[in-house]
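Presented sequentially are two complexes of chain A, the first with chain B as partner and the second with chain C.
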Partner chain A sequence: MTTAAQKSKSAITLKGSAQIVCDYLNYGINSILFQRGLYPPESFKSEENYGLTILMSTDNKIKEFLSTTLEQLKGWLVDRSVNKVALVITNVKTLEVMERWDFLVEYEGDSKTEDQTSEKPLKQIKNEIRDVLKQIACSVAYLPLLDCLCSFDIQIYTKKDVDLPSEWTEAEPANIKDAQSVRMRSFSTNIHKMDTVVTYKNYN
Partner chain B sequence: MLVGPQFLPPNDFLIRNKPFTMTENVNDTIMKMVKNLKATAQTDKMNNYEFTPLKRSISSSNSNESSFDEPTPVKRMKQENKLDLSYVGSPREMRRLRADLVEARNTILSLESRISQVHALRKQMQLVFDEENQSLKRQHEYDKKTIEELENQLQIIRKRETDLKNELAEVNSKYELLKIKSCEQMEKMEKTLEECKEETRQMESEENSIIPSLERRITELETMLEAAEEDAEAQKQLAAELEKRLSERNTMERDLELKDQALQKAKLHIKELEYAKENIIEFQDQIKASFLFNQVHKLANYSELEKENEQFKEENIRLKEEVRNKLLLEEEVYDLKNRLINYKAQEKKLADLQVQETQNTMYLNEWRAVARGICESCDSDAALPHLLRSTVERLQQQELTLTSEKVELESQFKTLTHEVKVAKSELEKNQKLLIELKTTGDQKQSLIHRMQKKLLLVSRERDSYRLQLDSYEKDLTMCANTTATGGGISNQLQAQKERIENLERIVEGYRDMVTKLENDLQNAQPNIHSEMVPVRAEQIARLQEELQQLKHDNEKLRERRDELEIQLEGYLIGQDTLQGGQAYHLANNPLAECLAQRENLVDKLEQEIEKLKRKIKNMEEGIEVSKIGDLSVCPQEVQALREQIKSHEQQTHMLKDYFKSQMQEFRNVIYNMLGYKIDRTQNSLYKLRSMYAEHADDQLCFHVNKEGELNLLENKFSATLEDMINLHLGHQKSIPVFLSAITMDLFNNKTISKTFQID
Partner chain C sequence: NDRTPVKSQNSPYSLSPLSTSSQRLLRSPHKATRKISRIPFKVLDAPELQDDFYLNLVDWSVQNVLSVGLGSCVYLWSACTSQVTRLCDLSTDGNVVTSVAWSERGHLVAVGTHSGYVTVWDVTVNKQVNKLQGHTARVGALAWNGDVLSSGSRDRLILQRDTRTPSNVSERRLVGHRQEVCGLKWSPDNQYLASGGNDNRLYVWNMQSLSPVQTYTDHMAAVKAIAWSPHHHGLLASGGGTADRCIRFWNTLTGQPMQCVDTGSQVCNLAWSKHSSELVSTHGYSQNQILVWKYPSLTQVAKLTGHSYRVLYLALSPDGEAIVTGAGDETLRFWNVFSKARSQKEIRSVLSLYTGIR
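Moving on to the complex of A and B:
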């Protein structure tokens, strides 16, 4: 997948950068879904990437949902119209937002053209992504236990005036009361810079 | 530089002048000199024209030399031009001219020297001015520093003031606390005082109530005591009397007994006498018959006997009366004994009363001692209660006065505390004022000091300027003198005057500059100068206050901002912002799906709940309906089970009926065949009743033991069958034989009776 991002041996195109980001999100979200126990562990199977073993969901519904969402996100990332991607974990009973994983997108380089390229080596980017994913895996240690029936949603925060496909609807911003947030490492492709922040309800 | 070439020619001239005294030579020399002069003048001119513009350009603003030197060469050149023109060939004139020239040269020299002097002066002045300037600058810096220091001090003082304010607030709070505490203490004291009062009142009332009651009791007791004493005396008298009477009675009894004895004796005597009389009568009869002689004698004896008899009769009557008296006396004795017992009880009571009385007197004495202690008097006991009452009243009055005094003192204390408060506040105000005044005084003193220094400097400056002016004036007068003597060089003088004027003007310019600089300095140090004016000081104070207030406000606002920032941070962490854009998500996301599922589930559950509720309601309404309800739960199964149960019941019933009828039949058959009805009453206890039994109660009881053997139990009927038991059971050891023997026996009996009946 990531090989597609390489136009030549040394350059990453805008689309390739968007693909890297989407791949990261795919692995990251799956990892979170597994770590936070939203779905039974039996429904995940391990996959090797970034030098890590990552557990990916085998649920077809989740797969489909993630692929459609990330496909759309890739388009918007190329258009530079995404501010952030939020994975919102909600208590199904009370509709209370328990956790919000913010993937903040920043655009580096000022050219608006399609053929923006980055000279950053892919290995370095992958190392950065690996570090972030490790942090996500470690976050279970301090995040509160989700002992209620929870489900997730992916919200994409865009700039104004975005062409909205038919399946998409507007979402309410997910606010958390008595929240505490932890900022993870960030990685950058020199085109897109991605910050990962987890905000969770603090019971203390 | 300019002086060099000017001074050279005269020297030359002087040297050459000494050896030549002749006119030709002189002429030659003059010519040469003139030529030289010309040449020098020209070179001078050249030099001047070469250098002046440059110099002007370089030092047009502040250079001293150029500005002063500039006008001189031009004039000189003019002079020389004139000299050149007025040159005529006559020797006298030449001499005169030479002399003039010498003179002029001298004057020029003097003027040059003066100019140099003036230059030097100028330089000095410049130096002085520079010094002054530097000193002023230093002053300025120093002032700035002092201002900064003062500002720092001011800030420190403000801080201290805030600290002091805080302290004041603390002290105030402490004072308030102390006040509250003191108030509480006062209240407590008041309460205790009131309690004491109440106690004293109670005590008094108790005393008041106790004393009369005690008195009353004492009097009562006294009266009781008197009565008891009287009683006791009466009792004693009575007892004595009774004792006397008792002794009398005793003596009388003893007499009576003696008399009884006598009476007995007398009776015996009477009987003897009667017997004797009878004997005598018989004897008289006998005697009558035999001894008529003796009859008369006897008759005489008889009268005597009759007399004796009557005497005895009388005695008898008396004795009888005495006996009656004795009975009476006995009764009286009994009565008296009872009374004595009563009196003894009363005596006991009396002793108790006496003990009580002594106790009471002791109490009374104690009370009296207390009363005496209270009244502090050694008067008689009668006046004691009154004294006590009066003392109590006095104490009450004292108490009243004391309370009123206390109230007064409290009010005084309150007023004093208020005054102290006021005084403290005034003191603080005054202290503040004092501090302010001190600070202002210090400031003013420093100001005065500074001003004095400045004044000194200014006066020095003024003196120096005056000196300068004097020197200029002197120079001017000298010039005037020289011009007066040498009228030919009026033009030169005029030029010099002009130069002096120029110099003066320049000096004036410097003065202006100095004043301007001073003004600048003043402007630069407005604080120092403004403080001199009281109005400014007020303004400054006001401004400082404003500044303080503003600072305070600033601090407050900063704190508020910090708080709000903290709050905002708290809110922001959880808050999600759209960043001016929009948030989108897929319509059929897992959350929505999950929610829909949940909703469905909830709907289902609600429906079920509704159903169950209805069922419960129905069940509550009646069992029949509930049965229907139950049937609806698993009707077929229940139905089948019911049917099964019914069939089973029927089966069991049928079996029961069948067994019953069979049993009955079996029993009947046995009864008819063996002649015995067998009943099993208890566990392993069998009762046999024969068909031919004479009575319904004639039964045989058999018990089956653990080994299965049959034992005959004894009863009324078995007792009558001893022979058969011995024969068949004891000997033959066969129960059937025994039973059949009994059957035979009973049958025989019955048939015999029947046959008898038939017969």
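Moving on to the complex of A and C:
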């Protein structure tokens, strides 16, 4: 029996919202790795989600790296200690940062509660995520060709007082000279709002 | 002629009069910690047990009966007979149970509700003996002191009312919290009431003043977990929510903060052991774990996992040996964390002279 007193069973919890954000990042990052040619296309396999076909890496090292990173991020999203996640693409030879994808986090709703929930329909959130993923796929039209060997890394920008877990180190921000930025659509669970921005070298 | 040390193998040249197994026994470190079972000794189904941090839906009486608020109903479960009885059903007025608390002698149970009224039931005759109106929002916290029931509400008030009818004592209104009151505990000597709120404050009240006599503002999140030490007079422990995650200890005799330990996750409940200098804490995201700590060293004695939702509800058994925990996964789990038996059980050592014939 659901009265106004009880939360509906379909309400999204803080933990659930963090999971939704991490799921998006998993698909988004894999999509970027494929689109930008960072790994051989044969090493990707297609998966269906959000009503789209997304190419996901089958490389175990990448899968493990992303899984550990996103698991840690999930905790920080619940604690509200993360501001930004950055996917940094670097030229292996020159160590120059070629491109950077910023995933900005904003916290919404009543923060002064231990029981934050959202009644926003999951379907609507997934549609919003679908729209961003489509934009990421279309970005290949304007992003410069990365014709050098590149590697990627993930940086997480947190609030000052966060304890650094053992597998992490502090890093310098990955700034790009003569940069151009494109802001994609954002999506929101009403608990977490995520903005996606790509920054790349302006070759003009 | 080199006298190289001989390995403790069964060598005929061994210089030691002791056998290999005896040598190994003497070399092994003395195990100081007791063994706490990592699995609950009982799991009960608790359908409709809500996943709401601000509620206190489980309590265990001195008569060994568990009271649990499930949705609109309160159920009583006898730990001796395993018999279940439904005490009340609030669904007729669309109301939901938000707190339960047994009186000290265990024959009365107070039930706090979402709409704000509190009913008191005599379980010996299964009858409602009082209905206390006054709060204008849900009552998530209750605490008994003799016949006086203190209730904490989302309306930010703590009301202290005598449950005897007719009552000789008029109601006391404790004003102080700026947000929902979610924790309420009386000191063992029944002189001081500690209250915690969503405003991150921990207050201590006495029987003479309507204002707090002590205010602690160190927590950075809601304070629901509160427990007075049964051994050290004036020692109070409190736990903070998601943004805080710390257990803090206070000397309320001097008003000074003492130890503080960052547990890494939202602290939902705290309870001290009656038999030893230990305490148990229950937590939310991400591990939903139950931790047992030694005091004052604050070393972790055990970590118990199993609940798939935040461990929001905790009660101590009347004999002090077990705890029951409840969560939104709709289960109640019973754990033997403070078993007394460990100290009586002597480990039969082969080195013990009088336990066997040589």
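Keep in mind that, in the parts below, the second predicted complex is superposed on the first by the 192 of 204 C-alpha atoms of A that agree within 3 Å, B and C clash if a C-alpha of one lies under 4 Å from a C-alpha of the other, contacts with A are read in each partner's own complex, and residues count from 1 in each chain.
Following the convention adopted for this analysis, a contact is a pair of C-beta atoms (placed from the backbone, for glycine too) under 8 Å apart; a residue touches a chain by one contact, two chains touch by 3 or more.
Everything numeric in this text was worked out from a predicted model, so none of it was measured.
Visitor: Touching A:Ser181 in the superposition: chain B (first), chain C (second), both, neither?
Guide: The first partner, chain B, only.
Visitor: With the two structures laid over each other on chain A, which partner does A:Leu14 touch: chain B (first), chain C (second), both, or neither?
Guide: A:Leu14: touches chain C, not chain B.
Visitor: With the two complexes superposed on chain A, say which partner A:Tyr142 touches: chain B (first), chain C (second), both, or neither.
Guide: neither
Visitor: Name the contact category of A:Asp115: first (chain B only), second (chain C only), both, or neither.
Guide: It touches chain C, and chain B stays clear.
Visitor: Compare chain B and chain C by how many residues of chain A each one touches, and report the one with more.
Guide: Ranking chain B and chain C by residues of chain A touched puts B first.
Visitor: Just chain B (first), just chain C (second), both, or neither: which does A:Gly75 touch?
Guide: In the superposed model, A:Gly75 contacts chain C only, not chain B.
Visitor: Once the structures are superposed on A, label A:Glu170 by its partner contacts, choosing first (chain B), second (chain C), both or neither.
Guide: Touch partner of A:Glu170: chain B, not chain C.
Visitor: Under the touch definition given earlier, write down the residues of chain C that touch chain A in their complex.
Guide: Touching chain A from chain C are residues 50-54, 71-72, 91, 94-96, 114, 138, 179, 198, 221-222, 224, 241-243, 266, 284-286.
Visitor: In the complex formed with chain C, which residues of chain A make contact?
Guide: 1, 3-7, 13-15, 74-75, 78-80, 112-115
Visitor: Hey, which residues of chain A end up touching chain B in the complex?
Guide: Touching chain B from chain A are residues 61-62, 65, 68-69, 83-84, 86, 88, 90, 92-93, 95, 100, 149, 151-160, 162, 164, 167-181, 199, 201.
Visitor: Give the list of chain B residues in touch with chain A in this complex.
Guide: The contact residues of chain B facing chain A are 573-595, 598.
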